[in-house]
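Each of the next two complexes has subunit A plus one other chain: subunit B in the first, subunit C in the second.
Moving on to the complex of A and B:
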């Protein structure tokens, strides 16, 4: 007899799988409260909240955090702008090489980050561009565009092309049509794409390593902290913040795109 | 009388495809004009040329005497009811209908009042707060109509607007559209592949085939007096009689058309053999073979139905045969 209910064994296996993925994260959280700061000792000898205060007063944490937020924000804005335009071109018109362009836009996220990183570094060197805040932003934008593009292109495909014509027919010029018809129909897709792009940029290490100068983004700072055993739990406190900062937008993106499977602008 | 829409030698080519090929049209003001043809015959492209979504490759289009060359869709006093209705999914019905007025800068109160009136006109009062996704196909069709009419267009273009509706609703909408057009006096240009729809609603019908207009005229003319075999076949499902048979009957060497219901079976006329019979409700359809040519007769209820394989004779009243232009058959 076929049953829709999973067997006990499968349930336990699924539970173990999830536990394997998520328990180590809890471990990070626990170490943020430990009283011991040289090595990660289990079980923690005692629990304290002092590392939160210590973290708060460390200027290097604030610098790294603000750099990461700035990089992620600007990369996301660039990605939103270029990704939307590219998605509109690919989904609205037919031209020679359309499929190739679509593939080339998606490629950066499929390529190993180290390849993207090395190639960007060589290119910046060749072009005599000094490594700075902006080179980090450019590096991040290459893969941020992909997530925005993917979200936008899917939504454009589900939005009937005759909506644009209907708007023009009713007297709206291109700008008005974008403002009153296109934007409202793709806004949730852009928001979701933007949040994912932000999250991707915020915890990126590899490309950043190659495109940064002296600057330290938050993930890079954490990597360096782990090597130097000094006030170790500070790293854990920061890790908790990173988890929350990246988790919330992803959760938001999930809720925003959920339930929009019906085709926008479908006629019948 | 002013011409609402005039096409002078208008062509629209897509690469090597002549979607519209040297078409001349003159639609009078206040006319209900139908463009009828099979899919791919260029009728929808003609409609899009009037709306401004396409630009002609050659020729001139004028709308109420104004040349339409280079005028974008949003500057034409023409509105379209799209085949898929193209209602804005993010706006409710009232805002959909009021969209054109919102764009033209009409105040909120004013445009909502006008939109309510338009919804009343299409028999959907009080539906303003619903979303298009909550409406049935027939209701969406009416909203699309209201959204176009609220702008008081000089010409209303309708692209197969009844195509997605079921038969009963379609017949009802045909009557309503016709009544609405009479009441408003707006020029309607209507595209359809359904000959019944074109004949029942339009003042004049243009029949399209392969990018060209093959005949323009009143529905009765199109139906009873087809000028070319294509019209006889496509519009009336008439029997197209080849020249050698026409010559036997009329003495003229030309193609002719005879409507199936005009054909009589009996002892006189041309010898024919019955190939098949099928009962279709009010009449019986008899397929005949006339010396190698196929012909269809519709026999009304009460007539003797011949057996399959039976030899009979085919005749028709003298004024039921319509001679057409010679073609290269």
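Moving on to the complex of A and C:
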């Protein structure tokens, strides 16, 4: 353990673990080009680009995609606002009920998604609220708060309180201090948190099945295709595009926050 | 920031508000907390409360209508053999997935935290983040492709002339089945795959927080590497493992999509909740079922908190 070189066994275990996490996703890329459209035959009998055109001309895919983007954008904005406020309060001082607040923020993600889903559904049911675009957003924003909160609270802890005091001593009021001292310090954490919240909402399916009426977000569309396949190759193409599209913000968040000692990850 | 002109006149309205806030930290906290507390309190806790209320209602067996009167009848139904089996099955699966995830995660997290440097650090970081943030359904779908009868795994076994091994495994009771995609082994593999990054990240975070000097001190005091690992590193990594297990356990308890797509026809809690609230229209029983994971996670979180797992989140 003293040496800086890992043992061979550890290297192999770590490498195999990484391979296990990536090979299944890579497989999707091969299947998107297969000529075979009835089963999941491996190896693919031939390769074709035909299904990309077919997918491009499917209005249901476009509708689902646009709904997902709208829901994710609005949920992210709400989560950014609420999560930052909460993080600011919790990291600033110790107060009665502080633990309760942080528990309440974590709860929507610590409890199984189906609990959040069925809870919201029974609440809508008891209150006679019809399902709509906004019921989806309500659910998504609730569990997105924690991602923003986690990122923001970590950064607030690292931002020294004396910076704020110095700013006030120099005559700035709270709002100016926020605008010129606090915001530049936490902006990358908020950006990362926002991106992750977007990705979380964009991908959410379990809560959404309980809070959506007739609307189909992209994950719901995919779920339909998984349970009752209509045109498998189209699903393959959509799956590949979704993978590529989600990779971009993650890579972006990584390069944006690289160099700071924070990790954009949700787990931190 | 030299171009920022600050308002030195202490009479502006913003300044006065700001001064009041600075003098009354309690007021500031109150103002900061009100919006998120209202949102979470009304939307989330309110909904949980609605769920709890529903679980004490019951359904009229003849008319199928919900009787809005307090009763424990619905909870009693959870303990009928069929329903109780569902609960036991789900908890066992969640435990198996959690343990397996911890075992698979540890080497990855350990290597990434203590040995990976420079380029490899980045590769390991992205190597965990990309699968974590890839679409959940796409990941499940990829396993449907892998486990399918005509899929890559069967092809691999055939090419290696090992089909007999696979068939022998599938003929085992409980974990086997007609094919991998309709067996619990399949369900288990998909759960493990999908939740793995949730375990790696907290373990890695916990391991990175262990100061290198502590391991060196342990070595200097005569411990063998194995002893240092066992008595210094492992206890310090434990909160990370527990934090990760909160995710893997909770996510498995509440999932209804994975066992529906890859797995046998025997249900898990999530599927029961979904089926009862949907076609059966028995929201009280669905609610009572949903209370089960809440109670289990409540106990779990309470234990985790005592072990200091929240610091590793």
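Just so we're on the same page, the second predicted complex is superposed on the first by the 241 of 268 C-alpha atoms of A that agree within 3 Å, B and C clash if a C-alpha of one lies under 4 Å from a C-alpha of the other, contacts with A are read in each partner's own complex, and residues count from 1 in each chain.
The working rule: contacts are C-beta pairs under 8 Å (C-beta built on N, C-alpha and C of every residue); 3 or more make two chains touch, one makes a residue touch a chain.
All of these numbers come straight from a predicted model, not from anything done at the bench.
Engineer: Using the superposition on chain A described above, determine whether A:54 touches subunit B (first), subunit C (second), both, or neither.
Structural biologist: A:54 contacts neither subunit B nor subunit C.
Engineer: Looking at A:20 after the superposition, I want to know if it touches subunit B, subunit C, both of them or none. Which is it: first, second, both, neither?
Structural biologist: The answer is second: A:20 touches subunit C but not subunit B.
Engineer: One more residue to check, A:173. First (subunit B), second (subunit C), both or neither?
Structural biologist: It touches subunit B and subunit C both.
Engineer: Is subunit A touched at more residues by subunit B or by subunit C?
Structural biologist: Touching more of subunit A: C.
Engineer: Touching A:69 in the superposition: subunit B (first), subunit C (second), both, neither?
Structural biologist: Neither: A:69 stays clear of subunit B and subunit C.
Engineer: Should A:219 be classified as contacting the first partner (subunit B), the second (subunit C), both, or neither?
Structural biologist: second
Engineer: Is A:160 touching anything from subunit B or subunit C once the two structures are fitted on A? First, second, both or neither.
Structural biologist: In the superposition, A:160 touches subunit B alone.
Engineer: Which partner does A:247 contact after superposing on A: first (subunit B), second (subunit C), both, neither?
Structural biologist: second
Engineer: If I apply the document's touch criterion, which positions on subunit A are contacted by subunit B in one structure and by subunit C in the other?
Structural biologist: 168, 170-173, 176, 180, 264-268
Engineer: Of all residues in subunit B, which touch subunit A in the complex?
Structural biologist: Of all residues in subunit B, those touching subunit A are 51-53, 72-75, 78-80, 82-91, 99-100, 102-104, 133, 137, 140, 147-148, 151, 164.
Engineer: Give every residue of subunit C touching subunit A within the complex, in rising order.
Structural biologist: 1, 4, 6-8, 12, 14-15, 17-19, 21-22, 25-26, 28-29, 32-33, 35-37, 39-41, 43-48, 50-51, 53-54, 104-105, 107-108, 110-112, 114-115, 122, 124-146, 148, 150-152, 155, 193, 196-198, 201-202, 204-205, 215-216, 219, 225, 228-229, 233, 243-244, 246, 250-251, 253-257, 260-261, 269-270, 273-274, 277, 283, 286-287, 290, 293-294, 297, 301, 310, 313
Engineer: How about subunit A: which of its residues touch subunit B in the complex?
Structural biologist: 160, 162-163, 165-173, 176, 180-181, 184-185, 262, 264-268
Engineer: What residues of subunit A sit close enough to touch subunit C in their complex?
Structural biologist: Contact set of subunit A toward subunit C: 1-2, 4-6, 10-11, 13-14, 17-18, 20-22, 24-25, 27-28, 31, 39-43, 78, 81-83, 85-86, 88-89, 92-93, 95, 101-102, 104-108, 110-116, 118-123, 125-127, 138, 141-142, 145, 150, 168, 170-176, 180, 196, 199, 203, 205-206, 209-210, 219, 222-223, 226-227, 235, 239, 242-243, 246-247, 249-251, 254, 258, 263-268.
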